[in-house]
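Shared chain: chain A. Partners: chain B in the first complex, chain C in the second.
The block that comes next holds the complex of A and B.
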C-alpha cells in the first residue's frame, strides 16, 4: 500500500517514523510533566490526599513572600557567579596556557584535567566530604599543618556554599575546557599567520583575534554553565547538606525537591518549578538569538 | 580555511618565563584534578588506625583489603553493582538507538514541521531535570512501578545531546552512497545499518561510552525512584550508607566510593582518544 504513495510522501513518512521514538519519549517524559506541573502549580495538594484544592495564584504569591525562597534565589545567583569564575574564566585561561606547552605534555594535561568529569557527582560528594574532614581528611590535615583553626567546611553556614562550589567546580571544569579546546582547534592556522604578518602577536593576538573567534563557544558554555550551576549543585546539596545549615547552601531547584518530598507541598513546589522553567526558557531564547547572530556572521 | 594545525603549533610569541609559568599552573591544576581521587583510593586501602594518623600519606604503610572484604560481607555489593550496570547498559542502548534513528531522520529526510520538531527535541537540554521530576515521579507512582529499572530508564530514553550529535555527523555523509544503496534495492534500515553507520563507528562508540558513564553515575532521578536497598544503584546506595553509619567508617565509605569510580575511570582511560576527537570534531555551530 505504501508503494502507491508518491516518493515525496513516502520520504516524509520515513522521516517521521525515524524521529517518532524520540518525539514520543520527549512528549511523555518532558512536555507532559511540564504541562502537568503548570496545572499542579495552581493547586494545594499533599501528594496523598485524593482531592486537590484549586487556589489560583496563591502559590506564586507565596513565592514572593517566602524568605527561604529569597535565600534560595540569592544562593543560586552566588553559585552562578562562583561557577562562572571556576568553570568558565579559569578554563579560558587554561586553554590559552595549553597552547604554550609541548604537544605531548598538552595531551597529558588534557586527559588528567578532564578525568574528574567521569566521576559520579554523588560519589564525588562523599569523596570530598572526606577530603574536607577536619580530622584525617586531606584538606583538613593541610589546614592544620598551616596552623589554621579546624574548619568544618560543610557544617558552617559561612563555608557550606563554597564547599559545594568546590565540588561542582572540580567536577565540571574539564568539560568546559574540552569544549574550549575544541573551539580553538577550529580556528585556522592561516588566520593566526595573517595576523602575525599584520603585527599582532602575544597577548594582543589573544585579546583581539583569538578570543573573538572563540566567542561562539564561550557564549555556548556560558549558557550551559548557568544551567549546570543550577542543576549540578542539587546533588552535593542532596547528599551532604540538605540545604543547610540554616538554608546556607540551598538553591532554587533544591527547593523544588524539598517542598515536594520533605513538606509534601506539591502545588508550591510546582510553582517554583514553573518559575525556574521560565528563567531557563528566557535563557534559551537568548542563546538561540545569539547563535543565529553568530551564524549570519559566519556566512558574511 | 583548511589549515587545522594543532593548537600548540601556532607559534605565538612567548618568553621562556611565560611558558614555565604555564607549565606550573597546568601542573598544579592537574594535581587538584587527580589528588582527591588518589586520596580516596589510598584511604580505602589503609588499615583503620592509619586513616586518622597525623600527616599526609598517599601510599599506605600496610595496604589492606579489609575494608573491601567487610563491605562485601555486610552489604549486597554484587547486587548493587549489578543494578548499576543494568541501569547504565539499558540507558546506553536506548539512548544510542533513539539518537541514531532520530539523528538520521532529522538529517536526511524532509517532512512537515521538521525544524520545529527538532527545536522541541533540542530545547529539552535547557529544561532542568528538577523542573519535571516531581510530575514524572507521580506518574511512576501511579503506574506502581517505583523501584523498578524501567522507572529509572524510561524518562531518559531520548537524549537531546545524542540526537544533536548524530544529526551533525549524519548531515555530512555523502548522499551518493545512500542513493547507490537505495538503487541496489536496500530498504531504509539496511541503508542506515550497512552503509551509513560503519563510517560513524568511532563517533557512536564515543557517544555510547559517554552515555554509559553518565548512566553509571546518575544521581538525581534514581534518588527519587529507587528507595528499596535491593534495587539501588551505587551512588544512591552510597548516600544512604553514609547517613546510616554516621561518618566514622571512612575506610568502608572510600572503598565503596572506589568501586563506583574505578569502572568509569577505566572506561575513560581506554576510550579517551575517541572521546576527545568526538568533542573536537563536533564543534558547536550549526
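The block that comes next holds the complex of A and C.
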C-alpha cells in the first residue's frame, strides 16, 4: 500500500512519523494544559469536588484587589532588579577582569565560579540555611564577631528577599559568566586589534566595541534572568521562608503554588498563571522587537 | 634619569592594577567557595561546637560518624536510587525522541514542517508553572501520583535539545546523506550509524543538561510525591530539615553527601560542561 505512494509523499510521512512522539508529548503536556489552565481560571474549584462553579472574570477581579498578589508582583520585579545586578552586571565586570589574567589562572577561576551552578537549588537552600542561621551560622557568627546586633536574615522582613537573591545569585552567576566568556571568545581578535591600533584603551574598548558586540549574549542572559527571577526563586522560598515573613519574600510562582496546593483555590491560582503567561508573552515580543532594533549581530 | 623614573612609575602602576585585579578575583572566588567550606567543616563538628558564637573554622576532632548517623536517620539510599533512576530514564528517553524529531527537521521535507517547528519553539515561551495544575490533574487521573512514571514521562521531551541537535545535524554535509542513500543505506540506519556518532558533542551536551536538570528538579517532585519511598535527593533532604531540629552538623553531613555526586560529575566532565554552554550561547 505504502509503496504505491510517490517518493515525496512517503518522505513526508516519514518526517511526520519522526516528529510525532515529540508532537504528541507537547500536545499532552504543554498545549492542552495551557488551554485547560485558561478554562480553570474562569471557575471556582477545590481540585477534589466533582463540580466546578463558573464564576466569569471573578478570579481576575480578585487579583486586582488581593494585597498578597500585589506584593508578589512587586517582589517579582524586585527579584528581577537584584538579579540583573548580581548575575548580569557582576559577571560582565568579572569577564572583563578575567581577560587580563593569566590563562591558567583564568581556567581555574572558571571552574571555581561555575561549580555552584550544578548544585541543586534544594540542596543549596539547605546549605545556605545554615550559613544564614543567626546562632552558629557563618554570617551570624561573623556578624557577632564584628560586634553587630544579631540579625536573622531569613525571618526579618527587610532581609528575607535579599537572602533568597544571594542564594539564586550564587548559583546562577557562573552560568552567565561562562556564556559571556564564550561570547567574548567569538569576537574576532582582528576587530579588537584594529581598535587598539586606532587608540582605544581598556575602558573605551569595552564600552564602545566589546559590549555592543556581546549584546546578543547579554540579551539572551537578560531573558533567562527574568525567568530565573520568577521560577528559580521558588525553591529557596519554599525551603527557607515560606514566602514570609508577612509575604516579604513571596513571588508570583510561589503564589501560584500556594493558592493551588496549599489552599486548593485552583481557579484563582490558574488566573495568576494565565497572567504570568501573558506578562511573559508581552516581554518576549518586546525582547524580539528590541533585539531587532538594537542588537548587533557581527559576522562570525 | 627622568625617563627611567617615569618608566618605573608606569611599571609600578601596572603591577598595582594587576595585583588589585587578582586580589578581587581571588576574594570573589573565595566567597563563592566559602558556603561549601562551611558546610563541610560544620558537618564534621561535634554538637557543642555547632552553636559556638565565635568563628571556628575547623572542628577540634573531626566527627566522621556524623555521616553515618545522618545517613541512617532518613532513607537517603532510597532517595539516591530514585534520583538516579529518574534522571537516567528521563535522559535516555529524551535523547531518543529528540534525535528523531531533530532528524526530521534537519533532513526531511514534510507537510507543515515550518509550522510545526515554530509550534515547538513556542513552548519555550511558556513558563512551566502555567501548566502545573492541569499536568498535576492529569497525573491524578492516570493514577500516577507517587510513581516513577509521573516523575519521568512529563519531562522526556524538550525543545532545547531538539533545537540543539537539529542545529548540529544541519552542520553535517548533506552530500553525506545523499551518498549514503545512493549506496542503499536506509534512512534509519543513516541516523543510527552516521549522524548520531558524528554528533557526539551535541549529544553529550543535551544529556548532561537533561541529567542535571532532572536531578535538580524540585517543584514537580514536591507536588507529585507524598511518601518518602518516591522522593528524590533534593526534596528528601529538605524534609530532613525538620527531622534533625537543631543538629545542623547532621544536616550539613547530609547536604554534603547529597551534593557530592553532581559535583564529582562536574569536576570529571568539566570540559564537556563548559563547551556545552558555549554551544548553547552561540544561539541567542
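As a convention for this text, the second predicted complex is superposed on the first by the 279 of 300 C-alpha atoms of A that agree within 3 Å, B and C clash if a C-alpha of one lies under 4 Å from a C-alpha of the other, contacts with A are read in each partner's own complex, and residues count from 1 in each chain.
Everything below uses one rule, namely that a contact is a pair of C-beta atoms (placed from the backbone, for glycine too) under 8 Å apart; a residue touches a chain by one contact, two chains touch by 3 or more.
Being a predicted model, the structure only gives us computed values, none of them experimental.
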Query raised in the report: Overlaying the two complexes on chain A, which is it for chain B and chain C: clash or fit?
Result: clash
**Report entry** Which of chain B and chain C A:249 touches, first, second, both or neither
**Finding:** neither
Query raised in the report: After lining up the shared chain so the two structures overlap, which partner does A:29 touch, if you call chain B first and chain C second: first, second, both or neither?
Result: both
Query raised in the report: A:76 contacts which: chain B (first), chain C (second), both, neither?
Result: neither
Query raised in the report: After lining up the shared chain so the two structures overlap, which partner does A:103 touch, if you call chain B first and chain C second: first, second, both or neither?
Result: first
Query raised in the report: For A:205, is the partner it touches chain B (first), chain C (second), both, or none of the two (neither)?
Result: first
Query - Contacts of A:188 with chain B and chain C, given as first, second, both or neither - result: first
**Report entry** Touched partner set for A:238, first chain B, second chain C, both or neither
**Finding:** both
Query raised in the report: Once the complexes are superposed, what residues of chain A are shared between the chain B interface and the chain C interface?
Result: 8, 11-16, 18-19, 21-23, 25-26, 29-30, 32-34, 36-37, 40, 47, 94, 97-98, 100-101, 105, 109-116, 118-123, 125-131, 133, 135-136, 138, 141-142, 145, 170, 173-174, 178-179, 182-183, 185-186, 216-217, 220, 227, 230-231, 234-235, 238-239, 253, 256-257, 260-261, 266, 269-270, 273-274, 276-277, 280-281, 284, 291, 295
Requested in this report: Would you mind writing out the residues of chain C in touch with chain A in their complex?
Outcome: 18, 21-22, 24-25, 28-29, 32-36, 38-39, 42, 50-55, 97-98, 100-101, 103-105, 108-113, 116, 119-120, 123, 125-135, 137-138, 154, 156-157, 162, 187, 212, 215-216, 218-219, 222-223, 233-235, 237-238, 240-241, 248, 251-252, 254-255, 258-259, 262-263, 265-267, 270, 273-274, 277-278, 280-282, 284
Requested in this report: Using the touch rule from the top, collect the residues of chain B that touch chain A in their complex.
Outcome: 1-14, 18-19, 22-23, 25-27, 29-30, 32-37, 39-40, 43, 51-56, 97-99, 101-102, 104-106, 108-112, 114, 117, 120-121, 123-124, 126-136, 138-139, 154-158, 163, 188, 213, 216-220, 223-224, 234-236, 238-239, 242, 247, 250, 253-254, 257, 260-261, 264-265, 267-269, 272, 276, 279-280, 282-286
Report summary line: The residues of chain A that touch chain B in their complex are 8, 11-19, 21-26, 29-34, 36-37, 40, 47, 94, 97-103, 105-106, 109-116, 118-131, 133, 135-136, 138, 141-142, 145, 170, 173-174, 178-179, 181-186, 188-193, 196, 201-202, 205-206, 216-217, 220, 223, 227, 230-231, 234-235, 238-239, 253-254, 256-257, 260-261, 266, 269-270, 273-274, 276-277, 280-281, 283-284, 287, 291, 294-295, 298
Report summary line: Within the complex, chain C is touched by chain A residues 8, 11-16, 18-19, 21-23, 25-26, 28-30, 32-34, 36-37, 40, 47, 94, 97-98, 100-101, 105, 109-116, 118-123, 125-131, 133, 135-136, 138, 141-142, 144-145, 170, 173-175, 178-179, 182-183, 185-186, 216-217, 219-220, 227, 230-231, 234-235, 238-239, 253, 256-257, 260-261, 266, 269-270, 273-274, 276-277, 280-281, 284, 291, 295
